[in-house]
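First subunit A sits with subunit B, and in the next complex the same chain sits with subunit C.
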Partner chain A sequence: MDFAHFFMSWIDLQLLSLVAIGTFAGIYVGAIPGLSVTMAVSILISFTFSWEMYDALSLMIGIYMGGVYGGSRTAILLNIPGAPSAIATAMDGYPLAQKGLAGEAIGLSTTMSAVGGFVGIAVLGFAAPAVSEFALTFQPRDYLLLAVLGILLVGSLSGESLVKGIFAGALGLTIGCVGLDPLTAQERFTFGQIELWGGISFIAVMIGLFGVSEALQQLQHVDSEAVKQVIRRIVPQWSSVVKYLPISMQSSLIGVIIGALPGTGGDIAALMSYDYAKRVTKNPEVPFGQGAKEGLIAPEAANNAAVGGAFVPMLTLGIPGDAVTAIIIGAMFIHGLNPGPMLMIERPEMFWFILGALVLATIFMLIFGLTGIRLFVKIVELPRAVLFPLILLLSIVGAFAVNNSIIDVYFMLGFGVLGYFMKMYGYQIGPVILGVILSRLIDDNWRRAIISDQESLPRLFHGIFTSPLSAVLMIAVILIFVSNTPLWSWGKRKLFPAQP
Partner chain B sequence: MKSKLLGAVAALMVATAPALAEYPEKDIQGIIQWGAGGSTDTVMRAVTPHAEEVLGGKVVMQNMTGGVGAIATKYVGAQDADGYTLLMGAENPQLYKVMGLGDTDYSDFTPINIIARGVPLIVANNDAPFNNFKEMVEYVQAHPKEVKFGSTGPGGLPSVVTAMLTSEVELPVTFVPYDGDGPALTALQGGAIDVMPAVLGAAIEGVKAGRMKVIALVDVAANPALPDVAPITVDYPGYEKYLPWGPFFGIFVKNGTPDDVVQKLSAAYGEGVKNAEFVSLIEGRGFTVLNLSGDEARSFLNKWQSVTSWLVFDAGIAKASPEEFGIPRP
Partner chain C sequence: MHDPSRRLPGERLFSLLLVALSLFLFYEATKISGFEGLSAPGSFPMFATGSMVITAVIVALQTVRLPESDEHGWRAILPGFVIFMAVMMIFYALALKPVGFLPTSFVFLLISTKVMMRSSLAKAALISALSLALVYVVFRLIFSVLMPEGIVPEREIIAGMRSILSGGGQ
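Right after this comes the complex of A and B.
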């Protein structure tokens, strides 16, 4: 009986159109840097207050699914991720567009986003209670290890020079520390400025480093010809879908788990699965960073899978998996539900309804994503003298829109100039963003972990090696660390002498 | 496509441009001190739409967490006193002075509405080796520093409740800081912390579902939401002098905001809090509706500050004496 609610949004014309409108709007919200899904959904809470709950949820779910996907559009076409979860997408998506393969790249990312979305929903539908119990077992030390694992991605993101990458990563971590310390309200790096108490807006940093610096760089070649885009096919060939299916499934599973963890979301999931893809892909057709399709597929599958993941603890325990599900909990509360561990028992139909609407939104995402690409890729064929001033304008509007604060615009412009010089001197900007994303996670959880163990390092390590989960994470940290050092290749030569 | 983009830009610019009209002539910003999904957040998001109807304007709410609510408080304090930035907070700023967290408190703000009061509850992980307050005290004393209490920073509900408890019994525990009661209760279910003093409303769903157990109800009378739990004063009458005590939720504007704006906001939120739907939501979560504004709200705030400041000072966890700030002993 309750399961019938799965199809509720499919057969009710109004709900169906609300999911469709939400998904369509979400793609554009996601594509414009500075307009975030979190922002859109929190505005919708007030906007849909007088609506029926099912109507409001349909719209929010559409926006969520569409928005997570939409960020990839501008990442591929302009090297400007529309949302933090699309940062990893830009790294191989943009080189593809530079080669004139934007249509193919968007087609592939759309299909794989849908695969990711379906994997996330399937896990939500079949294994939600088990996954949420698993997510709850993560202790502060596990979040710390996860964050350290994340920091090691600097190795993948730093391009030619690891030293420059480490420098950029450290800069990001420092930027993330600015503001009042979240646990004790001590001022850090604020120089007595009230404007810095709340920290530097992460979105402003992102728009500046990616958007403005790209525009500044491109303006140097303002009179050169735009890359002509060849659009042979948009819907990827069945054979290539099959070929990349394993990597997209694996990335999706990473996405679901990271998404289900309260405290980590699609941005970290996408970066981690990018790194994973880079490690497991033995012989990419094109090297990573120059347009490897695996590098495009992995983050796109992971960030959409994280959507289903984020609903796992939310629907089973009333614990939000990320910022958007936290707001949807608020929406359910004001519509008279009590989101919590009893929701699945008292109102099981809500579970099935949300599941059905998520599937529907993923289908719409696939449809809207694959149509209209021809028009969309025309953006990159615009003359640069028109395109880049437009990007600057969008960046300013986007940075302002985050907090309605002019300070964010100044920071955005400042980081734009910084990013321009970083690129000029061969510093990658990926590690900076990574540092900013992970700063809070490391800071809070390191302190929680060490306080929990009575401020004793031996006790902390004892805890790490006696818990299976922590031990696995620790071993992953050690392996990835060693594999980035000369020790690894030396050991490999010793143990497995080269075949004649 | 270009025209579409330009259109979007133009629309955004129109939306952010100031217009000349009566208050509210543009969107009002509501700064919530605590994280999404926590009790302060849910209360604010539930009441505001009702108030918006009366106000005839939009309140765009945003969570600004950290520093026991100080980040949000200082932020709103730094904005113009024009009624376009509301502080949506809990009780914490009333303790900033004695806790050494700066020189602001709600006396720098004008109360719009003190919405409701909560009842503190002490909950524990189901696997914790104690089932009631007495057993917990014995266990903690036998295993000093081993039991982990969740906290929300100096001056947060857990620290005040613990101050109250330690005025009667010794409790050598380790405090692990979290961003709010929501994340801390999540950590409790995963065993990262053992005990969490939280407001009843935030923990009640978890208790009902059997995901955590009640150690003590920190009140003088049993609560309708938990009829089987005896109040802590039955076994420990010494706590009667502090109780009933509870965290509260209130909406504030910076001092100096024009009177007519304060009146308008107070009227709107006064109606919003009275809304039957909101009342039943809030009472279902174990909160007591207060709906105070003007002088009533001020005297509530002063009384609360005097009781609590001296409580934490006498417990030895305050950094400064309430006397220094002219806070009278109750």
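Right after this comes the complex of A and C.
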């Protein structure tokens, strides 16, 4: 019976429309440089706050899938990746456009993004129930280590320095602590203000960090001119699709695995699969970096496959795969759902619904991706001077709309300014939001773990190193730490001295 | 894009401010429940803020040692448009509730579009009105998001329009 929910968004006209609108909007949001899927979903959460869960999820899933793909279009046409996950796409996509093959490049990237999307969803469908069952055996200390691992991975992979990443993650954890302690109702960082008893609105933090700070950053380039491209046929030839299908499938598998690691997303998946395609393609028609189609297809398939992958830890462990799934987890909390292994037992219909909506969004992505290119070119050319004031206005209204509280707006503005300077000076924003989301989970599991070990740290560590799963997670945490210290480079130099 | 090998204007001050913020938060965390136990309500906040202190100090030490970037002055990190929009947002947030969504948003869009596009007042007004109409239709009428009414009797206007559309309020 639960499986029937797979088709819920397919047969309910309202849900079908919401997935379609979301995917369409996502493609354009992802394509316009400076607008990100994270920004769109974080602003949208505030407006869908009072909606039914299914409606809100349909829209968000559409935007997520469409947005990850949408970034490729401006990467190909303008050499400006619309989203971080399209950085690798620009390397060979733009040279193809310069040769007059923009239409073919868009067609191939759309088709292969859909292939990647389907592979990711298939893996999610098969892996999630098994992971979820396995997760039931997890101890509190395992959740604690997984969450710490997620924050560390985001910190180390998405920015210039692990130390700055850890700072950002710890800041997020601290923000998540504000309010009354859930166990003892003791005040934490409330400074005597009753308004802070319920904590800082998660939505205000998100809109500030992702919406306002990004829009302010983009205002630095408000005078930049839009570049125009001529596009002809975009539906790819069948022979091309068949020819590049193997590399697309291989890249999709890389994408889904990277996407499933807590804290990693489409951008890293795309770069890794680009590197993989470069190594395994022996004789490309043109060299990589000069318009190799393999170099375009691999990252595109991988970043969309990573979407399905990112849902695996989110739905089974309650740990987000990337920043967007962190926000979607937040939306699920708001609607009274608790992602984690129990979700698959208590609300299996939600899992099938999400799976069905993801498939539908991928189909819409294919349809919208291969049509409407003229409209697309017009929208992408929208002046920033019109676009960004509108985004800032929506950010303020969005932060206000959740609780009808002006305090939330002030918090949002404060986090917007903080996020602006953090980005300016090379701090990552992703770990902050991951920290806010995971704060409660880490706090709860830390206290459960230490209480079950009679408040003894030696006993806790003994437990960690005598359980295979905990030991593996702990070693992963230590490895990430050590690999970012000078000790690691020193060890590498000693063990593998450079050849003269 | 931030160049990690060079220190941007204001980066040293920012890193020191983060150290001060971290120390303050750590001090506040110690006041929650002191050091009474590992599972006490204050233990996790102390861990989180303690991590902030350690990492903020490391970053500050690294930043102080960096050579200065070629870019000088606050303009490099805070261009005029950014300051202008930040100030506009503060005024917008202050006026939103007492004045209402429609007039505040229109003025906000009008001034920001006029200044940033360097267009004529009429063009800026037209763009702002169209943008606001789109936002209003999507978020207020379709998404049913409640916006502050302020000085505009919005509900009465909507009710009046509905009454006209349904045949003169029969």
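Criterion: the second predicted complex is superposed on the first by the 268 of 500 C-alpha atoms of A that agree within 3 Å, B and C clash if a C-alpha of one lies under 4 Å from a C-alpha of the other, contacts with A are read in each partner's own complex, and residues count from 1 in each chain.
Assume a residue touches a chain if its C-beta (ideal position, glycine included) is under 8 Å from a C-beta of that chain, and two chains touch if they have at least 3 such contacts.
For clarity, every value in this text was computed on a predicted model and none was experimentally measured.
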*asked:* If we overlay the two complexes on their shared chain A, which of subunit B and subunit C does A:G491 touch? Say first, second, both or neither.
replied: neither
*Which superposed partner A:P246 touches (first subunit B, second subunit C, both, neither)*: neither
*Which partner does A:Q220 contact after superposing on A: first (subunit B), second (subunit C), both, neither?*
second
*Please indicate which partner A:R447 is in contact with in the superposed arrangement: first for subunit B, second for subunit C, both, or neither.*
both
_First (subunit B), second (subunit C), both or neither touched by A:P140_ = first
*What is the contact status of A:L393 with respect to subunit B (first) and subunit C (second): first, second, both, or neither?*
both
_Partner chain(s) touched by A:P287 [first = subunit B, second = subunit C, both, neither]_ = neither
*asked:* Which partner chains sit in contact with A:T184 here, subunit B, subunit C, both or neither? Use first/second/both/neither.
replied: both
*If you stack the two complexes on chain A, which partner ends up touching A:M424: first (subunit B), second (subunit C), both, or neither?*
second
_Doubly contacted residues of subunit A, that is, touched by subunit B and again by subunit C_ = 50, 181, 183-184, 386, 390, 393-394, 397, 400-401, 404, 447, 451
*Which residues of subunit C touch subunit A in their complex?*
2, 4, 8, 10-11, 14-15, 18, 22, 25, 28-29, 32-33, 37-39, 41-45, 47-49, 51-52, 55-56, 58-59, 62, 77, 79, 81-82, 85-86, 88-90, 92-93, 96-97, 101, 105, 108-109, 112-113, 116-117, 127, 131, 135, 139, 143-148
*Give every residue of subunit A touching subunit C within the complex, in rising order.*
47-48, 50, 160-161, 163-164, 166-167, 169-171, 173-174, 177, 181, 183-184, 186-189, 191, 212, 215-216, 219-220, 222, 383-386, 388-390, 392-394, 396-397, 400-401, 404, 406, 409-410, 413, 416-417, 420-421, 423-426, 435, 439, 442-443, 446-447, 450-451, 455, 457
*Can you name the residues of subunit B that touch subunit A in the complex?*
1-2, 5, 8-9, 12-13, 16, 29, 35-37, 41-42, 45-46, 48-49, 52, 58-62, 64-68, 70-71, 74-75, 78, 101-102, 145, 148, 153-154, 174-179, 182-183, 186-187, 189-193, 205-206, 208-209, 211, 277, 281, 284-285
*asked:* Can you tell me which positions in subunit A touch subunit B when the two form their complex?
replied: 28, 32, 42-43, 45-46, 49-50, 136-140, 179-185, 194, 197-198, 262-263, 313, 317-320, 323, 326-327, 329-331, 333-334, 336, 338-342, 345, 375-376, 378-379, 382, 386, 390, 393-394, 397, 400-401, 403-404, 444, 447-448, 451-452, 454
